[in-house]
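Comments concern the structure below.
Labels A, B, C and D are assigned to the chains in the order they are written; within every chain, residues are numbered from 1.
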Amino acid sequence: MSKLLTRRGLLKTGAIGSAGLAMPTIFTSAAHAFTNAPTGGSVTLGFNVPQSGPYADEGADELRAFQLAVEHLNGDGDGGMLQTFSSKVLEGNGILGKKVEYVTGDTQTKSDAARASAKSMIEKDGAIMISGGSSSGVAVAVQGLCQEAGVIFMSGLTHSNDTTGKDKKANGFRHFFNAYMSGAALAPVLAKNYGTDRKAYHLTADYTWGWTQEESIKAATEALGWTTVNTVRTPLAATDFSSYITPILQTDADVLILNHYGGNMVNSLTQAVQFGLRDKVVNGKQFEIVVPLYSRLMARGAGENVKGIYGSTNWHWSLQDEGTKAFVKSFGTKYGFPPSQAAHTCYVQTLLYADAVARAKSFNPCDVGAALEGYEFDGLGNGKTLYRAADHQCFKDVLVVRGKENPQSEFDLLEVVEVTPVDQVTYAPDHPMFAGGSLGACNPGA
Amino acid sequence: MDAIILQILNGLDKGSAYALIALGLTLIFGTLGVVNFAHGALFMIGAFCAVTLNKILNLSFETLDPTRTDFLGNPLKVKTPYVESWFGPDVGAAIIDWSVPLAILFSIPVMIAIGFIMERGLIKHFYRRPHADQILVTFGLAIVLQELIKHYFGANQIATPAPDAFRGSFDFGAMLGLDPNVIIYPYWRLVYFAFAAVIIGGVFAFLQFTTFGMVVRAGMADRETVGLLGINIDRRFTIMFGIAAAVAGMAGVMYAPINSPNYHMGMDFLVLSFVVVVVGGMGSLPGAVLAGFLLGVLESFASMNAIKSLIPGIDQIIIYVAAIIILLMRPRGLMGRKGVMED
Amino acid sequence: MLGLGKKDFILLGIVAALVLLAPFILNPFPADSALAQFNAGYPDLMQRFMIFGIFAVGFNILFGLTGYLSFGHAAFLGVGSYSAVWMFKLLSMNVIPAIILSVVVAGLFALLIGFISLRRSGIYFSILTLAFAQMSFNLAYSVLTPLTNGETGLQLTLEDPRILGVSQTAAGGIPVTNLFGMEMRETTTLTLGGWAFQFNNGYYLCGALLLLAFYISIRIFRSPFGLMLRAVKSNQTRLNYTGLNTKPYTLAAFVISGMYAGLAGGLLASMDPLAGAERMQWTASGEVVLMTILGGAGTLIGPVLGAGFIKYFENIFSKINDNVLHSWFHILPDSIENAVIWVVEHFVGSGWHLTLGLLFMLVVTFLPGGLVQGGQKIGRLFRRRDAAAKATQSTPAE
Amino acid sequence: MGILEVKNVGKRFGGLQALSNVNLSIAENTVHALIGPNGAGKSTLLNCLVGKLIPDTGSVMFDGQSVLGRTPYEINQMGISRVFQTPEIFGDLTVMENMMIPCLAKRDGVFKLNALRTLGRDAEIRDKAEQMLIDMNMIEKREMHSASMSRGDKRRLEIGMCLAQEPRLLLLDEPTAGMARADTNNTIDLLKQIKAERDITIAIIEHDMHVVFSLAERITVLAQGTPLVEDVPEKIKGHPKVREAYLGESAAAA
């Protein structure tokens, strides 16, 4: 009959004199050491992915990966990347012997809705870690919530510099790469293939991610000798980019860089090709189009138009390392098609969280965070990877890809043209593009 | 100068999409007095007619190719569309290539049927209900339709290319003896523009020169009087609903190569098409068309760099700014009639 | 009582009781049972019920009484949220100044937009409000990012220069919103058997403000001003020829409902200090329209019911996934289980929108007066049965 | 000097000269009828008096003040009430609520934000509205939904609502149009009773000569936008110009 009444902040205990509540003895005030400390034989993880809105398919793929990860953590299935993971503390008996359970929510790709569903998972379902998401706005918003709530946030697909830059949080961790890394990896390949004397024209989605992507790729290409003719912001809601594309014809630009994602990218690329940009010859050079961040799932919407277009990606199923092969096999066998980069990062994040708990031997977010900070691992598909302590960003090789000319199947859209080594994409934690925020102190909640 | 010509072309092209959607919406507004929030969904379903036909034509049988492997290392399943095996690879491929134009034929009966079912099954019960109720029920319907599409086609955009013959651009500059490769415009967008012009002209001609159209126009002007004349206006209105659905659907089919369809595209167009219709003036078909082109051209000009650098963000809001200014200067939009949806 | 008639007082009393006991009422199932999925008694959702209830009650003052259908009310909620968050960033973490500022700013914004939009009526008015709101949303998302933090939403940071308060707590965290030291997020959990009931400070603040908002709304409905608003809806010509200027009446209604929206926005930010631009999108404006019509426009309690209905579906149905379905139906034989799940999964989880759309259609088709009419129908059914029962009882006595 | 003085009023719609050189003086406490064939400009003139239209030329003075350029509600507050051809009442409200609105308008003016006052407890307004309903013989219908009443009752309510404002000039636009004979007679009796009981000036546009000659003390005949004759009823009956206007030139020649 103890612990019937507990008082805590949404996520953290307020120091309250409970004298005001002169209640019978069934009420006791028992503070946990941290938010949603698992009691009993199970632990609950919260997977917050877009289930409606334009990124719903990516969200669905993330959810598949999460389910697979939970299966593997609980010792079902073939174990996937657990076999190739450099850390061997996970034994397929859940996390610290507690069976892994999960709850899901719909972010709707809106920061409000995402926070609401994350809150419900924390408040109602007792989730101790939140993961998932397919856009940076949502990632930053949910990361802020998790910081205040005192749970760990293992972000899904988020590519903006801000997530581990000015909006970084002690309780938040990002495995996915970022805009700076895309620029740093892509620029040398572009220079190699298209020369160092190029004039670039940028179309940029007019919101935070678009801006950091533009800033990054612009800096990286200019460092190699390219000039930037113009950078033009396009409304997020735009579906017809013709009025942004035709002005390019008037300039002497010979490269178009589309800092667009998802539907924006599909439409702007399709339409740019329709306008014959790729058939143009400017300054005696073939006109080229570049898409700095590829999403294979969504790029299918652009059909043939992606052929030969360079971009970058966090991971691709066609990689030949053991980790990737194990994951693709396990995922492909279960669902019948290869996983997307979003699925991969979500799967890996779940494993990394579980592993950190197991190594720390504690679910306390501060202990988990400490175990993740500065942790170096391998065997999860990206080669040797470091979770940097200073900003909770993973540092690993980045893939430069190109739209494949002769795809063998509907999944075979991209080919990896270069694996840019991690050193080339590493930056100082106080790099100007990432400056302005601080991790703060880790918050265990209650 | 080149830039301005190109932006006018862009504006007319955008405008023709707006005008086509607004035209159907106004037909429903004007004839039936129904605020149809599901009209965007009809546009979207039209686009998915193109996707569906493409999928049907691509129905394939699989053969195993042991020399190649799929992503799991199993022998690759090579898909051959039935049409290619029936008509030979060349003809088959050509049929698939032309799936979007073919989808126009496919979409007309489908859309008319959907329109009939919608009107008879649901909308007709709402003629005498407040506009608010009409909004709620058609919005509910729009959600249901798009969720069904999402369930069967997924949320991502689906590439629906135009035939190869229309790939590439027409060089206006070279035709006029100017520098080549400056004033160029994609063939498919020109086709879209011409198509819109034909449809708009067709609808107007139909309303202007047929007895049916005359009755409908009379009904738009004064429904009760026409009813008193003993003309069964309801049946005609059902047909008009079917026609409006077909117009929206065809607009969607033709738009598919420009904007790869996804289940959400109807909602994206919904608000915009309402603005267009209202700016044109409630109940006025020419107004809707005029407003569509006007807003399309304004939007194109607003996205020019020179103007954007003058007023940052103007391209984000130009449609709404224009709508506000027009509605404040002209109380009933460009060509609206008095007393239509003013209370 | 409180200046209310008997019926209204009873209604207010019922709402007060529901608000007070919501943590129990919304948690009917033990926390470990399979049906716990349907429990809605956790702080965030209960807060949302109250906040969107306020929003809809305010919207109903404009739409339900005057018939002017605004499609841009979310803009006022949005500016309310932004004002509140800025207040937290610059002044103090106390919610009172934040809420006051959000109501004032939203009221001023509504005055401006209303003054222009009310020059037109009917759908022209709707489109004008829509245009203003969409402009606000688009600008907040892009160009106004320094003010709104764009896509990410305006958040508190560790560097906020808080005049009355500290930038960060001793532990290095961001201070939390409070009401004179009472933390909004603080929750007391009462565990009784398998049930866990959560009592949250923030919820009770929202609840108190909902009651206040509801009370004011009743007073407005019963006031001469309310009568004038209904007269506006009924016949503007007669009103004009009765020596009454309709414009200040509609404008006042517009501003009052804008202030309600601002209050809702301020409360949202007070419960969770973040303001996202999508709060101002047309879909958000459309949502409050749907809430009001669904519940019953022009009725007192309808909008609150509509708000609860939609928020419940958004937050509860969207979370029901395959896993949950399997746990519900695992007693069935496998083949039947899979068939049942195949059917059900269309309507829950990522299919929650489909359910919502179907319910919109069903409610509006069969209950033209919204949920309130449904309630009345049920009530009448009971009364008739009662009456019938009494009749049979009394017959022998005669 | 009459209570209403119309001088040289002219109004043009495009190519149509609807009113020209209208001079009209209505004396206080009389019943003045405006008659004339269809299209004579009666309604246009009425609309110029209440602020719905603004005349191109001339002046309209009510009790020594110009009404030109004022909005309908301002003119109403000056003391002119109007009854419409088809009754304009608040169809969604009850009869009692309908009646309370003019009482409020009389007391509180064009706008008052009394949002927190309870209408049901406003004894002054309630008593006045009830008294007016008793006067109009409609008190038993007080809770009725006004849209569901008969046309005659709607007319009665509308007249009552106008009287509740205690106007000095009551304008009636064909008050018995479309009514059965019994209803028409009731309306005549009602207006007679009103005239007898109150200090009020009534101007009435009417086609039904039975109504006109039962009520009017003076009659102005309007034809083709300009006043033809103005006189007492006995003189108007049988006036050659009036016949001409109503029956057309040919009839007069014959």
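One rule holds for everything that comes next: a residue touches a chain if its C-beta (ideal position, glycine included) is under 8 Å from a C-beta of that chain, and two chains touch if they have at least 3 such contacts.
The model shown is predicted, which means the values in this text are computed figures rather than measured ones.
Colleague: So which chains are sitting against subunit C and subunit D at once?
Modeller: none
Colleague: Specify the chain with the shortest distance from its C-alpha centroid to the centroid of every protein C-alpha atom present.
Modeller: The chain sitting closest to the overall C-alpha centre is C.
Colleague: In whole angstrom, how far does the Cα centroid of subunit A sit from the Cα centroid of subunit C?
Modeller: The computed centroid separation for subunit A versus subunit C comes out at 33 Å.
Colleague: Suppose each chain is reduced to the average of its Cα coordinates; what separation in Å results between subunit A and subunit D?
Modeller: Measuring from centre to centre gives 74 Å for this pair.
Colleague: Could you give the separation in Å between the centres of subunit A and subunit B, each centre being the mean of its C-alpha atoms?
Modeller: It comes to 35 Å between the two C-alpha centres.
Colleague: What's the distance between the Cα centroids of subunit B and subunit D, rounded to whole Å?
Modeller: 52
Colleague: What residues in subunit B touch two or more of the other chains?
Modeller: If we look for residues of subunit B contacting two or more partner chains, we find 313, 316.
Colleague: Can you list the subunit C residues in contact with two or more other chains?
Modeller: In subunit C, residues 138, 141-143, 353 touch at least two other chains, as defined above.
Colleague: Under the stated touch criterion, can you name all the chain pairs that qualify?
Modeller: Taking the chains two at a time, the touching pairs are A-B, A-C, B-C, C-D.
Colleague: Within their complex, state which residues of subunit D touch subunit C.
Modeller: 50, 71-74, 76-77, 81-82, 84, 88-93, 97, 100-102, 104-106, 108-122, 125, 161, 165
Colleague: Write out the stretch or stretches of subunit B touching subunit C in their complex.
Modeller: Subunit B reaches subunit C through residues 35, 122, 125, 129, 131-133, 135-137, 139-144, 146-148, 151, 267, 271, 274-275, 278-279, 282, 312-313, 316-317, 319-321, 323-324, 327-328, 331-333, 341-343.
Colleague: Tell me, which parts of subunit A touch subunit B in their complex?
Modeller: It comes out as residues 52-58, 60, 206, 230, 232-235, 237, 239-240, 242-244, 246-247, 249-250, 263, 266-267, 270-271, 274-276, 279-280, 297-298, 300-305, 317-318, 328-329, 332-333, 337-338, 408-409, 411-412.
Colleague: Touching residues of subunit B toward subunit A in the complex: what are they?
Modeller: So the residues of subunit B touching subunit A come out as 2-3, 6-7, 9-11, 13-14, 17, 68, 70-73, 76, 150, 154-161, 167-169, 181-182, 184-186, 188-189, 257-260, 262, 264-265, 268, 299-301, 303-305, 308, 313, 315-316.
Colleague: Can you name the residues of subunit C that touch subunit D in the complex?
Modeller: 3-5, 216, 219-220, 222-228, 230-231, 233-235, 237-245, 248-249, 252, 256
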